[in-house]
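Before anything else, here is the set of structures, which you'll find just below.
Look at the two complexes coming up: chain A is in both, with chain B in one and chain C in the other.
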Partner chain A sequence: MAELTANQLHAVAHDDHGHLSEEEQNDNLKLGVWLYLASEIVIFSIMIVGYILLRINEPDVVAHAHEELGVGLVTANTFVLLASSYFMVMGLRAMQQGNRAGMLRWIGATALGGTVFLIGQYIEYSELAHLGIVLGYSESQWSTLGMRFYAPTFFHGAHVFVGVVWALEVLRRGAKGRYDHNPIGIEMFGLYWHFVDVVWIMLFTLIYLV
Partner chain B sequence: MAEATHHEGHHSNTVRLLGREITVEGGVYTVVFVGLAILTVIEVLSAEYLKGAIHDAPSAAATLQAIKAVLLLGIAIIKAGLVIWFYMHLRDEKPLLAVVLLLPLLIATLSIMYLLAIPPGGYAV
Partner chain C sequence: MATIAVPLGAEIESHEAEAVQRPALSEYLRWSVDHKIIGVQYGVASFLFFIIGGAMAMLIRLELWTPDLDVMVSGAAYNSLFTMHGTVMIFLFIIPMWAAFGNFVVPLQLGAKDMAFPWLNAFAFWLIPPAAIVVLLGYFVTPAEAGWTSYPPLSTLFSGDGQTLWALGAHLLGISSIMGSINFIVTIFNMRPPQMTIWRMPLLCWAVLATSIIAVMATPFLAGALTLLLLDRVAGTTFFDAAGGGDVLLWQNIFWFYSHPAVYIMVLPGMGVLSEVLSVHSRKPVFGYRMVGLSSMGIAFVGFTVWAHHMFTSLQPELRIPFMITTMIIAVPTGIKMFSWLGTIWGGKIRFTSAMLFALGFMSMFVIGGITGVMLAALPFDIHVHDTYFVVSHFHFVLFGGSVFAIYAALYHWFPKVTGRMMNERLGRIHFAFTYFGFLFTFFPMHIVGMLGMPRRVAVYDEAFANWNQLISFSAFVLGFSTFIVIYNIIRSYYRGPVAGANPWRALTLEWATTSPPPVTNFTDDPIPFEDPYGYGTEASAAYLDAVEAAFDGNENRTILD
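Here is the complex of A and B:
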């Protein structure tokens, strides 16, 4: 193995013990989250293209579904998720200002927003089931819509659920003062939560409005 | 020192918008949230209006549908950009993170365009 040059050694070891500085560790953690989110982009894209192909090949089915469903509930749900993203960034801001109690309130509101979104999605799925839009094959006119609709929206809902659990963990750690000196844990959760919001912005437009 | 300035910028309640200074709790984050809410309202109202127009004028349905798709996707991309730029702090991050974001988006976009170019019945052999 080639020997490391002095510059390479300097790049790796920034203190006497060969450890990365806190700032470098934070940068590495954020890069890790961004790489994970990049892989998620590809997965969601596959599901979205499946829906777009249905939209192009069977426009009547999608138009009929839009007529039946309306956009009232899903628009309200969209506002809830946008608000939760705002609560999230305000929570990080509060912690960066040294306001732990404020951070706990904002992140608590984020978790509540995610929970309300999931309840809204459950209500929507119940209405869809009454219309006969199901996941598997059916004799109904909706048989081609079910999988293309549920795959991206349920996968997104699963991400919201994971986000709510993560928010509760951030609350637990935050209450113990874990982020008082370094809020990177909140920032990593924030990246994930905002990404979930971005995905919903695109799904809302592509699936419910276009 | 640079980090402190960076955070002070994020923590300021005063935002410069269209040449005017606005002071609001939450600063730029609140302004972005209001912007996202307004864009969502415009998006939904536009979609409903164009849906009615398509219903009333079936002969122009293809054109109106294309306008609807471009308009709504344009608004959605602006909204997504606002979240990524301000809430995910991409504006303050190293360019590497922008590459990490844009590379899969580029690959996904090219793949989608390729798939959409395939005729519904597949290619004749």
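Here is the complex of A and C:
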């Protein structure tokens, strides 16, 4: 028993201590982002449940909103967001192939897609406000829809906004060549951006289609 | 006898002569990314909040000395007092206090150089002071008075701006807790040296892992609920107002979906501490190591299925029985731990150190809290004692008799590692006696007045309970006094305590296989864990411990430099 321990004690390879290797650091960052996204799912799900309860309890309100609103604008918006996720994938791929200029173009397109989405959301909110659907409680019969619609969609919009800012930061660092040898920063942004996209597909299906 | 190599590689000779350098006190007031500094920062800050929350508890007991309203100006003032007491103790003391021990001890026990994300670690800590200021500021505007549970409509229609500040502060603390927990999970999964396999991991690390998984998955529920509450309060929405198409039960469901798992966030690390302390101080392997590790995971999982037992009186009746069953099931993994602790000390060479006394105090008090928990899970009994002092007694047995006793055990156990000095054992024993009896006679009689029908959260009560309440208040002051003993002991020992050496308890886990306090990189060489973190009583373990001692404490003249 003791012999074994002694052998074990000697059997260690000593690599340089102090700092983590790049690979270890990348693994840590990826796991960290996944855990962060797991906690985000919970917050979104609370708001989605709030909407589902309304859908079950007051189907008329939702039906009315569907009639007034139409899905043209939001479908186009969804398409833009989905496309931006594709640009994201292409951007990461370009960097992995060592093509920095290509990466900058694709990530630039991603940021642009996010911005277009936010403008679309702003137009939609204006139309809704015009219909009298607002966040706070009012005497209007649609007021129960307002808070349950705005809370999840605005929370999602805020995430898109953060994503756009993040994309610009990726562009700034990418232009300096920070990702030439280790594209982990782009990969982390990619995880976030795809997550924001998937959440939108959920919200789009639940709020506009069903 | 085999020769045992020292777990530090070849450079031992040079370490021997070196004096151990303690970080200057000013380093603790600055931004630092060293997990050991951050651990102490968490610890000292939480302890300050413990004193603040404790002072509030003393005021509560002073008010309840007589059946009439005499200390507080109004019932509302009393409401805001117990609201703050609960909030400070839970969000600002117990939860961050476990982050203190987790931060200091876990990377060392794993044999890691630091946490996975040192910067994030520091950031999570530095969110706490502003959050605390926001929460406590609420006390000076129109204070929150809806209890720490903040049920609407009390927290929406009948509370002032203090409630908004309360929600903002709690939000920040939740974010801090999520960041800290992500850091722990990544550290425990990814930062272990190759020899530290998952089944060699000390049980504190298992407990912190389970706790962190709960925190990452449950705390966002609190964040979501608080967001909706803030919208209700500030933006005029009616998520929790039935008059505007909202639902008050929505808050209760989401809140308890966080807060019941949060009970395990507060007590699981304590259970991990207990396995460490009982094993080391009774010189015996942990009984059923794997089962104890897995039972932490079991508690984490089942903990998510019991939340509605807090709502037996407001829930749809057909859901009561299922929640009664799940609540009783969670006693099983908890029972596994209790039997493991008994099996661990059974036949051991028990040393009644202060750490051991508090660990034994935990066992005896927590088992009472556990049993009253099963009693409260039984629906007919719960409805009888609902909202009485029986419930107050139950959760103080869990959170004080459990968490705080474990925090004290951890303090006495790891203080030598943190500061390089031993705490005074005699003062420790006196502290234990005051805490133990003060605690017992404060909270045990509450079971009785609760069963007799004394409601909680009221400043004015029936004359019939007056004698009991005087006993409770007197014991509470004894309990409050005990805190001064430990504060004195900490300060005195920090400066004058005997030099501890690397491994004063002769423990096998890796945090003891380095100097006290450890160097900035924790270990001067890659540490090698002993084959079994609790394998006491074998020739091999004795040889390993001798080797550690020879490596670090060989030089008799070693002194601690400030």
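Keep in mind that, in the parts below, the second predicted complex is superposed on the first by the 195 of 210 C-alpha atoms of A that agree within 3 Å, B and C clash if a C-alpha of one lies under 4 Å from a C-alpha of the other, contacts with A are read in each partner's own complex, and residues count from 1 in each chain.
Everything below uses one rule, namely that a residue touches a chain if its C-beta (ideal position, glycine included) is under 8 Å from a C-beta of that chain, and two chains touch if they have at least 3 such contacts.
Since the structure is predicted, the reported quantities are computational estimates derived from the model, not experimental observations.
Contacts of A:39 after superposition: both chain B and chain C are touched. In the overlay built on the shared chain, the residue A:169 is in contact with neither chain B nor chain C.
Of the two partner chains placed by superposition, A:22 touches none, neither chain B nor chain C. In the superposed model, A:31 lies in contact with both chain B and chain C.
Residue contacts after overlaying the shared chain place A:144 against chain C, while chain B stays out of touching range.
Of the two partner chains placed by the overlay, only chain C lies in contact with A:135; chain B stays clear of it. Of the two partner chains, neither chain B nor chain C is touched by A:180.
Of the two partner chains, chain C is the only one touched by A:47; chain B is not. Of the two partner chains placed by the overlay, only chain B lies in contact with A:56; chain C stays clear of it. Comparing the two interfaces of chain A, the one with chain B and the one with chain C have residues 27, 31, 35, 38-39, 41-42, 45, 53 in common.
Residue ranges of chain C in contact with chain A, taken from their complex: 1-7, 9, 113, 116-117, 120, 178, 181-183, 185-186, 189-191, 195, 216-221, 223-225, 227-228, 231, 235-239, 241, 244-245, 247, 250, 254, 521, 523, 525-526, 528, 530-531, 538-540, 543-544. Contact residues of chain A toward chain B in the complex are 23, 27, 30-31, 34-35, 37-39, 41-42, 45, 48-49, 52-53, 56-57, 66, 71, 75, 78-79, 82-83, 85-86, 88-90, 93, 96-97, 190-191, 194-195, 197-198, 201-202, 204-206, 209-210.
Against chain C, the residues of chain A that register as touching in their complex are 1-6, 8-10, 12, 14, 17-18, 24, 27-28, 31-32, 35-36, 38-43, 45-47, 50, 53-54, 58, 135-137, 143-144, 146-147, 151, 155. Contact residues of chain B toward chain A in the complex are 3, 7, 10-11, 26, 29-30, 32-33, 36-37, 40, 43-44, 47-48, 51, 68-69, 72-73, 75-76, 79-80, 83-84, 86-88, 93-94, 96-97, 100-101, 103-105, 107-108, 111-112, 115-116, 120.
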